Amino acid sequence: MLEPANTAAAPRGKLHAIVAEFDDVTAVTEAAKRVRDAGYTQFDVYSPFPIHGIERAMGVRSTRLPWIVLACGLSGTAGALLLQWWTNAVDYPFKISGKPLFGIPAAIPITFELTVLFSAFAAFLGMFALNRLPRHHHPIFEHPRFKRATDDGFFLAIEAADTRFDANRTRELLQSLSSHPIVACDEPADDGATPRWVRAGLVSVAVVALIPFALALASRFQDSSKPPFHIVGDMDWQTRYRAQAANPHYADGRAMRPDVAGTVAFGELATDQVLATGKTGADWTTKIPLTVDAALLQRGRARYGIYCAPCHGIAGYGDGLVAARASELQEPTWVPPASLHDAVVRGRAAGQLFDTILNGVRTMPAYGRQIPRDDAWAIVAYVRALQRSQNATTEDVPPAARAAMGL
Amino acid sequence: MNTIPATSNARLGPLATRLRTFALVVALVAAAAGLWLGHARGDGFQRFQHAWLLACAFFLTVSLGALFFVILQHLVRAGWSVVVRRLAELMAANVVVVALLLSPLVVLAAMGDGSLWPWADPAAAEHHPLIAKKAAFLNGQFFAIRCAVYFGAWILLSRWLLRRSRQQDEARDTLPTEALERRAPPAMVAFAVTISFASFDLLMSLSPEWYSTIFGVYVFAGSVIAFVATTILTLRFLQSRGILRGSVGVEHYHDLGKLLFAFTFFWGYIAFSQFMLIWYADIPEETHWFHVRFEGSWAYVSALLLFGHFVLPFAGLLSRHAKRNLGVLTFWAAWMLVMHATDLFWLIAPGVTHGGALVDVLDVLAFLAVGGAWTFGLALHAADRSLVPVGDPRLHESLAFENL
Amino acid sequence: MAGDAHGNAPATASRSWFRPSLVEGDQDFASVTRRVAGVVERPKPPRAWYIAITISGTLTLVLFSLVAYLIATGVGVWGNNAPAFWGWDIVNFVFWVGIAHAGTLISAILFLLRQHWRTSINRAAEAMTLFAVCCAGLYPAIHVGRIWLAYWLFPVPNQMSMWPNFRSPLLWDVFAVSTYATVSALFWYMGLVPDLATLRDRAVTPLKRFLYGFFALGWRGSSRHWHRFERAYLILAALATPLVLSVHSVVSFDFAVSLVPGWHTTIFPPYFVAGAIFSGFAMVVTIMVPARQLFGLKELVTVRHLENMNKVILATGSLVGLAYLTEFFIAWYGGNAYERFAFLNRALGPYSWAYWLMVFCNVVAPQFFWFKRVRTGLLPMVAVAILVNVGMWLERFVIVVISLTRDYLPTSWGHFTPTLVDVFTFAGTFGLFFTLFLLFCRFLPMVAIAEVKTVLPAAHPHAPQGAAGKEHAHA
């Protein structure tokens, strides 16, 4: 006989399915084959674990889940490549550690990760979506012994929606297969849908949750003159002493600490006083302390061209490009650079020229930070040669060369 | 389930003699032609040596992949693979042929001929400070000793595996299989150490100033691909002659296809790791190795490897249906063998091909010669004995094997 | 099925070639359900559980307090300082990420390799993965200093119109670890759904029925659902397998793309992965041995399961040893003076104690697993597993600290000393890990009920009748 599942007085809906129970895998698999062979398509087998080969017994077609996963995975690949290319090479291009703005080798790891991430979500969500889950309420749960389906029971339900369904014939078929009582499960009158207030609540929560994002998005398109919001200010406003500020901790009241007396910078140990300062005792040396040869002069010429010629001019007349431009603009504060061929300059000792290069004079800045000591001496040597070239006499030309020069 | 008994028609039979004769004739003719042509080049056999090393490396990797496979099956006590294991055992034991064919190159190097391995020339260390630093390792005598150790270990190991497995065919107990399973773990350790260092010696030291710690893994990945692809093709060939039809079915091909797919992916992973780390760190002493391979027509070979050795077969073998369709699977197996040869060409040849990535007729002749000899050796090992381990206690499990 | 009872041994076989049963004690479907669900349904857990969670909970509180202290004060509370700007934070991060590898390996790779013995341990191992990822992810998050700006790591449109630098391996790490955490969680939860349905159907209180029922999503064991479920499981396993490889490879890229001696070596990706699996399995053994004793799961998680894991530990430990050897050899072979020095300094320098202890723990200790007695003895195996965990922590310490404190310029050499905050934060992560694990054991099925049922002989059609068909009290 056909036992109704919900014997309580609850109002009954229309018939959902007729359910048979089985004790083991073999019986339910055999039954599935018989039901399939009888031409039913809208039926299902319920078991506590996946039964090997039941799809074939039931005639279930292979799922299209792999295709969904493939499509999502490929969009993950494409999305990752686009994201990396657009953000790092188009919208905000910056060079770092000599890598191309968008290089395939460096893009592979993230592309791979996003491909896997998208595919995994597709597999997970796709599986539940194709299974029409979550669905917390289902007519089959009305079956009084259905709790065994997640423990050790096996059930076969032929649904009323099947075109071949006939309450009596279907029941007879199932009775011939199962030794357990056959049960009819009805659709509950109440369709089990989520109550309206729950749905309304969920929608409201979702809307409220979106507000911060909407505000953030809106502020992206607004200008503001307010200072940025600082959550923790100690990196923005640090307690520290600025350069040249006073600091009461020290006797001299200075925040910037001078070098300890006797500190020597790397490579600047002045063992040779003449070489380092241009002075012998208190007087300027008149002799260049390096060997003056063609190499030194060439070096001096090159350094002079870089550091001196812009103001003093290539020939040393104080007519360099900077000076020319300044006088063209009639800069009121501009002090024209000295001509190196003035008698005063020519009369200066080599040591004094050296000192001027390193430490500057009047408005000429000090070049000691740019020009190494030996280079400064090379420049002095070259300046001496320059001075001599502009005040040379025939006597200075070697006799052998005079004829060639027409002298 | 199979209806034909597994043991029926599991021998080469008359095919063995035909195979041996044919392979030997091909090998001898190609070797003679190659030697004559190599001599005619007048480069002190330099080009020929490279071609010969390429051919030997190809068949060596097949044998080593087979050796790995056999040890692995015993190690994990696999059931599915029993019906294909004998072929792998034969291929592994065939490493002795490669040892014989490769020995002249090793002897030349030991005698100070630097035309293949540049460091072998005693004068090389004088010109190159990096080679001088490695002279304690990279010198002819020590190299020859190491090669003897590698090949000795492989030959002993593979012959022992084959002998024990054949004992099981006739044995009334399962002692041989138990011995195989007991010895598999230490055998795997020996295999891992030897293949790493052999890769450094035989292939990496072709560019003696270059180094990469992952190189052994790279060669290993290629070896397994070469072995699986060769096995698929061999099975298809034998089955087309009516052999092994009763034992090897689509389920076994499916699993071989999975291995081919997995190791194609693994190769891609290892190749990418090696390239990306060197590309990113950008240290000249490492990048020059790739630089040579990205110049001129070598760039096309590099691109071919990226797509042909990884991207295309990955896409082609991804689907379950591709792995279960014997036509498709055979195509990819053949494809991967060609790609494996290309990979080795890419590793070996840039040292000698000055005009770009040109395949020389010597490469073809050497390949035919070594391949002929290797096939000859294989047929010799197979003899007229069963190609299925008929006495294996897991044979029935393998025959009944079914993928989920 | 590879594990089926198709073996057909010759009559004289000296041992059985049948695949032995994966569970012990004549189990049927109902007894598996009872055994596993019983742990959760017991009104009170064993006394040891309370003791354990008190200790681990206290440590977790220590962790949270120290994290709060760090955020309020700054990363200066750690021992990181020039030249070792990476210290225990990165060491512990890599350590925990490594631990996190076993779970997905067991659930994904062993699944693809048809290793059915995984069914008894995969649930707990996956849970362990998630908890280890929590501990791991904590470190980079708090190491960034201004933690409220951590969202800069993600490509979020922001007020500065700036984007993260996708060419940096540290950003790859963000993506790799977060993808790994997400996919592991999906995989774990998906596997849990049918078991939650079992708990739902057995629940006696309305609250439990509601909670388990809510998360069971209405699972009803339909074969049409199982079909898609199994396919999705296979796909997730196939995705998780390369993902596992990629995560620790990407972690290794953090080091290997740099020019620091001892860090830049091409074998790092596979070597890190092998090490991660090694440490992960050691951790699974460490916690499964007490857990199975405590919760009466000895028949489902048998000594054979543990022995198999120990074999994996031996294999991966030997692989790690081979990688050490290769690294050392190539450091010499490469001829680069700095590399040679970096490796000699590991072995002979100021941290040589760490190096040799690491070699002992990682290479020597697992070799004891060659002996079956060690592999199957509970105390010896836990001892070796703990040594391996110590060794793998030291490996990361050796890599991170030794290379940073001894780089190219001797003038910038230094020494790293952890602070007490470092030490207690690390101890606190163990507290977090064990707290989560203990909660998991108490409230969720720690063995995959449905999956274990599939490896019972009765799960296959044409199996002997009646093996699992017994009526029982719930009917």
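Residue numbering begins at 1 within each chain, and the chains themselves are lettered A, B and C in the order written.
Assume contacts are C-beta pairs under 8 Å (C-beta built on N, C-alpha and C of every residue); 3 or more make two chains touch, one makes a residue touch a chain.
These figures come from a predicted structure and were not determined experimentally.
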- Query: Does the chain-touch network form a line, ring, star, complete graph or other?
  - Reply: complete
- By the contact definition above, name the pair with the higher C-beta contact count: A-C or B-C. A-C
- Message: Rounded to a whole Å, what is the gap between the Cα centroids of chain A and chain B?
- Response: 42
- Distance from the mean Cα position of chain C to that of chain A, given in whole angstrom: 28
- Item | Between chain C and chain B, distance of the C-alpha-averaged centres to the nearest whole Å | 35
- Task: Mark out which residues of chain C touch at least two other chains, giving numbers and ranges.
- Result: 1, 169, 242, 253
- Message: By the touch rule stated above, which residues of chain A touch at least two different other chains?
- Response: 52, 99, 106
- Message: Using the touch definition from the top, which residues of chain B touch two or more other chains?
- Response: 276, 280, 404
- Item | chain B residues touching chain C - in the complex, by the definition given at the top | 78-80, 129-130, 133-134, 137, 172-175, 178, 185, 188-189, 192-193, 196, 200, 209, 211-217, 265, 269-270, 273-274, 276-278, 280-281, 283, 285, 393-397, 400-402, 404
- Item | chain A-facing residues of chain B, complex | 272, 275-276, 279-280, 282, 404
- Message: Quick check: in the complex, which residue numbers of chain A touch chain B?
- Response: 52, 98-99, 105-106, 108
- Message: Help me check something: in the complex, which residues belonging to chain C touch chain A?
- Response: 1, 28-30, 33, 146, 148, 155, 157, 159, 161-169, 171-172, 175-176, 179, 182-183, 186-187, 190, 194, 197-198, 200-202, 213-214, 217-232, 235-236, 239-240, 242-243, 246, 250, 253, 449-451, 453-454, 458-463, 465-470, 472, 474-475
- Item | Residues of chain A defined as touching chain C within the complex | 23-26, 29-30, 32, 44-55, 58, 60, 63, 65-66, 69, 83-84, 87-88, 91-92, 94, 96-97, 99, 103, 106-107, 109-110, 112-114, 116-117, 119-121, 123-124, 126-128, 130-131, 133-138, 140-141, 145-153, 219-220, 228, 231-232, 235
